[in-house]
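Everything on this sheet refers to the single structure shown next.
In order of appearance the chains are A, B, C and D, and numbering begins at 1 in each one.
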Amino acid sequence: MGDDYALIGGVFNQDHARALRFADQLALDPGRTYRDIEALIKGESALAPEDRMQVVTVATPNFLHFAMAEKLIDAGFNVICEKPITTTVAEALELAQLIEARRVVFAVAHTYTGYPMVRQMRAMIAAGLIGAVQKVHAQYYQGWINPVIRDPALRRSVWRLNPAMGGHSCCIGDIGVHAFNLIEYTTGLTVSELLADIDMLEPSNALDVDGNVLLRFTGGVKGVLCASQIATAEENNLQIAVYGRTGALKWSQENPNRLQHLQEGKPLSIVTPGHAFNELVARQASKLPPGHPEGFIDAMGNIYRGVAMAVRGQAHDAHDFPRIEEGVRGMQFVEAVLASARDGNRWKPIQDR
Amino acid sequence: MGDDYALIGGVFNQDHARALRFADQLALDPGRTYRDIEALIKGESALAPEDRMQVVTVATPNFLHFAMAEKLIDAGFNVICEKPITTTVAEALELAQLIEARRVVFAVAHTYTGYPMVRQMRAMIAAGLIGAVQKVHAQYYQGWINPVIRDPALRRSVWRLNPAMGGHSCCIGDIGVHAFNLIEYTTGLTVSELLADIDMLEPSNALDVDGNVLLRFTGGVKGVLCASQIATAEENNLQIAVYGRTGALKWSQENPNRLQHLQEGKPLSIVTPGHAFNELVARQASKLPPGHPEGFIDAMGNIYRGVAMAVRGQAHDAHDFPRIEEGVRGMQFVEAVLASARDGNRWKPIQDR
Amino acid sequence: MGDDYALIGGVFNQDHARALRFADQLALDPGRTYRDIEALIKGESALAPEDRMQVVTVATPNFLHFAMAEKLIDAGFNVICEKPITTTVAEALELAQLIEARRVVFAVAHTYTGYPMVRQMRAMIAAGLIGAVQKVHAQYYQGWINPVIRDPALRRSVWRLNPAMGGHSCCIGDIGVHAFNLIEYTTGLTVSELLADIDMLEPSNALDVDGNVLLRFTGGVKGVLCASQIATAEENNLQIAVYGRTGALKWSQENPNRLQHLQEGKPLSIVTPGHAFNELVARQASKLPPGHPEGFIDAMGNIYRGVAMAVRGQAHDAHDFPRIEEGVRGMQFVEAVLASARDGNRWKPIQDR
Amino acid sequence: MGDDYALIGGVFNQDHARALRFADQLALDPGRTYRDIEALIKGESALAPEDRMQVVTVATPNFLHFAMAEKLIDAGFNVICEKPITTTVAEALELAQLIEARRVVFAVAHTYTGYPMVRQMRAMIAAGLIGAVQKVHAQYYQGWINPVIRDPALRRSVWRLNPAMGGHSCCIGDIGVHAFNLIEYTTGLTVSELLADIDMLEPSNALDVDGNVLLRFTGGVKGVLCASQIATAEENNLQIAVYGRTGALKWSQENPNRLQHLQEGKPLSIVTPGHAFNELVARQASKLPPGHPEGFIDAMGNIYRGVAMAVRGQAHDAHDFPRIEEGVRGMQFVEAVLASARDGNRWKPIQDR
């Protein structure tokens, strides 16, 4: 990453004086420490193309993603955007059209797809190593909202629980969408329909902090996705299990280097990164000798590397990154969950990709 | 157990010659190796009460449980019965009435409640150590049906997949009911409503081999229960997680001696059997020094010990065993799951206990 | 086991009144509840051979093992004896001669060799699945002596720390000998030489409570064995790792169903009991479906079953149990450790088997 | 790290044309891509102090460490040096004197001390949370040399197995020294004496590829350290366990976020990074929310950050890094191991720090 990226400037704070102090600490050019996104676009666009920021990351509260990303893309900037990329599907589709029109590189921060063993999992399923998928299970359990959820004052301090800033969903939009992305990323399947039950826990709380979702995939496979921010004292317990006709693959984010490969009639096999026997995508995502744990930052680095290669026109399957399509899918998922919960827990379709 | 139980006789096989050979191998009295349940009841009843079989275990295919248990109870025998105890709720309730009338000891083979750390979990929740329960997650994943499910000939060889022998449900009735029992046993909560989606996988297969169930408890708590027999190459992956206001407890059958206790603002704590700091029920269920794994047979032994004490009139909280009520609850669960799935995945009530 | 064993009588307590109360609780014949080992031998020998106790278990403090076992064997009884079987090698060899002369079945309580995955490990090494052994590592860490070791009064309450009752060694004799037995059992190799450092921790403590032992095997392979009873708060952390030219096998008693099979150039493989792909010895030692944990009691049960079959003359490789040879080896090991420590940590030979 | 470090130049290859191609790929100044260390020192020294390289990393085969580090330090450069920092203790002491004289910042690449949970371990022991240390166990098992060790041709391709390039030790110097450093780092104890047995495995191989070391600490505590590069198919299995009077701490590099805290009379506690309850040093070493794994690169980054702060004169306990003292200790350890093995496995002193 060090070779691919250097931090040049940005909009670091709503309070410009603070932003300048931050830039000073990092020895950044104060002239490229902008007041707002409009100023950034204006200032950078005035530079020669080779001197401009090559990639701009949007990592604000959810309600700002769309407006900022739209302006940046419209002005021809490559963008890495936090998820959920917008607060509605309609906005997400608008972004998708604009990206198509402006021909910029756009990535969604689905960090987990940067883990070597997640890429290994996808490659093994695609290669038919577990047979046709017949059941999918994913869960993302956190507990961090638990200490604030019952105290309205504390709750107001959390932007994710404020519909004006976080959008229509808290738990599903923030972490459910990661589990959803991981399912479609690893299996290559498309969720066609879902049925959801969500929980606000407290009557005075407006947004979901827990949800259980039944899934149906194109082709008839069934699955389940559970997400929670009130799973008390859980850290970032994201897990996925995909069962095929002849084998299964299981991965857990809290121990991300051990991909479990279950096979009918054989012992359990534990696949780890850094080995010659791994799939190409996993080998290229792995930068360390076997046995050295690769962390979350490395996963994000893999995403960033893919973007850098795309910016340079070197795009390559083995350096994949989540694109606008995944962002749109995520919003479709969130809206379908909310619709199912709102409509008495009925099945809701998700449009095909 | 050795002190509590001795195998005296029984109905060991439909083929009486084989049953006699079996009895001979075990040096059992051929005179107490009966042709059928009616002969057993007649033969044993002819003996003086102190010489009769004290407890009869019913461990046949599901469709025979009710008829056998009914006759035994009616004749005054204490019974340990496999689950699901009947094939319908109506039959289960009939048994309940008969047990009440005949005043016999009746236990359901919910083996998992015999594990020391499951008993510890229940005691800790009851003592308020995790606060009021706010979310429940249970799953029971097996893969053993996977190799037979797609071949109709092989499938016919499995009585659990034959409605005439297994009853109306395969996966939910066989293992979903264990997860359900574990939820109500550990939390003390009552499931009031559920919504289910089940999967037969193959059009020619009549019974569920996978199911995902959304749960609502009396008082408003929500939960999820997942069961599968097509989770390829899984062995007996039964897990339960209960999240309370201030902490959580997680247990997994495949590593049954490590009860995880998550607490807000504190490190994860791993409770193991055999320690003085454990709850009474766990201490009494544990017969080994710390660090020696206690197995499935020991769990079943704990259930049997409770039954033996009840037979002797020494019943005691710390030597609990699953009774008819749990059997009825199990059948209510199975029927509600089937009804929800049949009725377009709608919520179905479960009657209060 | 239930079919193989019934408890008939014994010497249950030095205080005969207490022994009789114990027998009464278990509904045992008071006439076969003996005052001492001499009375037992006399009483049982007076019965017809087919009515006599078939097997007598010696599970007393160490200093009594030899005297009791010697008398029982001399009188023709089959014996299961706790380890260390004697307090000196000389006594152990004397027992060996007597067993040979009287042609009785004799087993040492090396329980750990009854675990299915330990038997699997031995069979896999013998089958050449990891190539020629090139390194061995074993450890047995407990912490139970830690709370008593510094208080002389508490210490006196523990017979293992009293040379008059426990013999010349505490830690090495009690648990080091298990690790040693496991090494020779699984590898089939013979330790030819060792160098040891032991720790009494407190000047006023006479016996070792910790020891580290360097090993050399016939053929030149090297290894290490660590044992401790002051590994604070450890439960029964017994582990063994055997590295061969092409692979390795690792087993841990606290999670005894997961045998790790490391292979050069392949993913880690986890072997579990109950599968058709396992070795015969493991399959015959395993009585449960895959995924159900098998415990310590089951391990002991496997040893007992082997003894029962030997008593019946049905001895068979797959129902192995530790014999006098293992008992002698254990004593040779203990004496060599003490000699090396006494002699300035020099290498000491262990006689070949 | 991004803010602290930028790669400016260096000596990248013995073949200067290759070094220039490498620099070009990274868009580095070819004028600062030097032919050798002398050219680097000359070129950088010609620049104004504020424009010079602030830190130079020495990451060559072992035999070059001393010569390069000596010249750099003598010329006033801050240095981060791979371990073992020299091939003899004498050279290491020479470096120490020079560092003292030139007042430069010098760090040894003991990466493992950068892990948040290793720093937490040290802080907890220092705070008395496990009581006085009474036993220490460390091991570092790798298998990477196994496939080359028996083939002399392959062996020659590995510089670590060539005494001319790797120095007097392979296994102990490369990884044993890490385990040794971790012991002294976490416990604060000083090893005063050791007794070692090493293994070259093949007669034609000159350097140790495996070693077991008995340890004695100032104050009488005993311990054991095992290192191997022929532990077939092990990846980077580095573990340390420290047992105190009232508790113990256990850490394993392959799952570095889970520090096990054993306490007498209490359940096992698992400490993870990112929590407010952690010690300051761990909190400052941790850059991620709880549950996101921190990897090896992050550990190294923590070391680098400490160096950057020292260079800026901001040195602070919580941003510690391994210094020359640790480098000297490492060499003392390696020499003592070799001496003990050479001298018939006798105890050898290690000079006090």
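By definition in this document, a contact is a pair of C-beta atoms (placed from the backbone, for glycine too) under 8 Å apart; a residue touches a chain by one contact, two chains touch by 3 or more.
Just so you know, these numbers come straight off a predicted model, no measurement behind them.
Q: Count how many hops through touching chains it takes, at the least, to reach subunit D starting from subunit B.
A: Graph distance in the chain contact network comes out at 1.
Q: Sort out for me whether A-C or B-C is joined by the greater number of C-beta contact pairs.
A: Higher contact count goes to B-C.
Q: Taking the mean of the C-alpha atoms as each chain's centre, how many Å separate subunit A from subunit B?
A: 40
Q: Between subunit B and subunit C, what is the separation of their C-alpha centroids in Å?
A: Distance between chain centres, rounded to whole Å: 36 Å.
Q: Could you put a whole-Å number on the gap between the CA centroids of subunit A and subunit C?
A: Going by mean C-alpha positions, subunit A sits 54 Å from subunit C.
Q: If you look at subunit D, which of its residues touch at least two other chains?
A: Answer for subunit D, listing residues that touch two or more other chains: 234, 266, 268, 272.
Q: For subunit C, which residues are in contact with subunit D within the complex?
A: 130, 134-135, 137, 139, 141, 143, 146-147, 150, 195, 197, 199, 201, 210, 212, 214, 222-224, 226, 228, 230-234, 241, 243-248, 262-264, 266, 268, 345-347
Q: Show me the residue ranges of subunit C that touch subunit A in the complex, using the header's touch definition.
A: 261, 265-272, 275-277
Q: In their complex, what parts of subunit C are in touch with subunit B?
A: 2-3, 5-7, 25-27, 142, 144, 234-237, 253-257, 272, 274, 287-298
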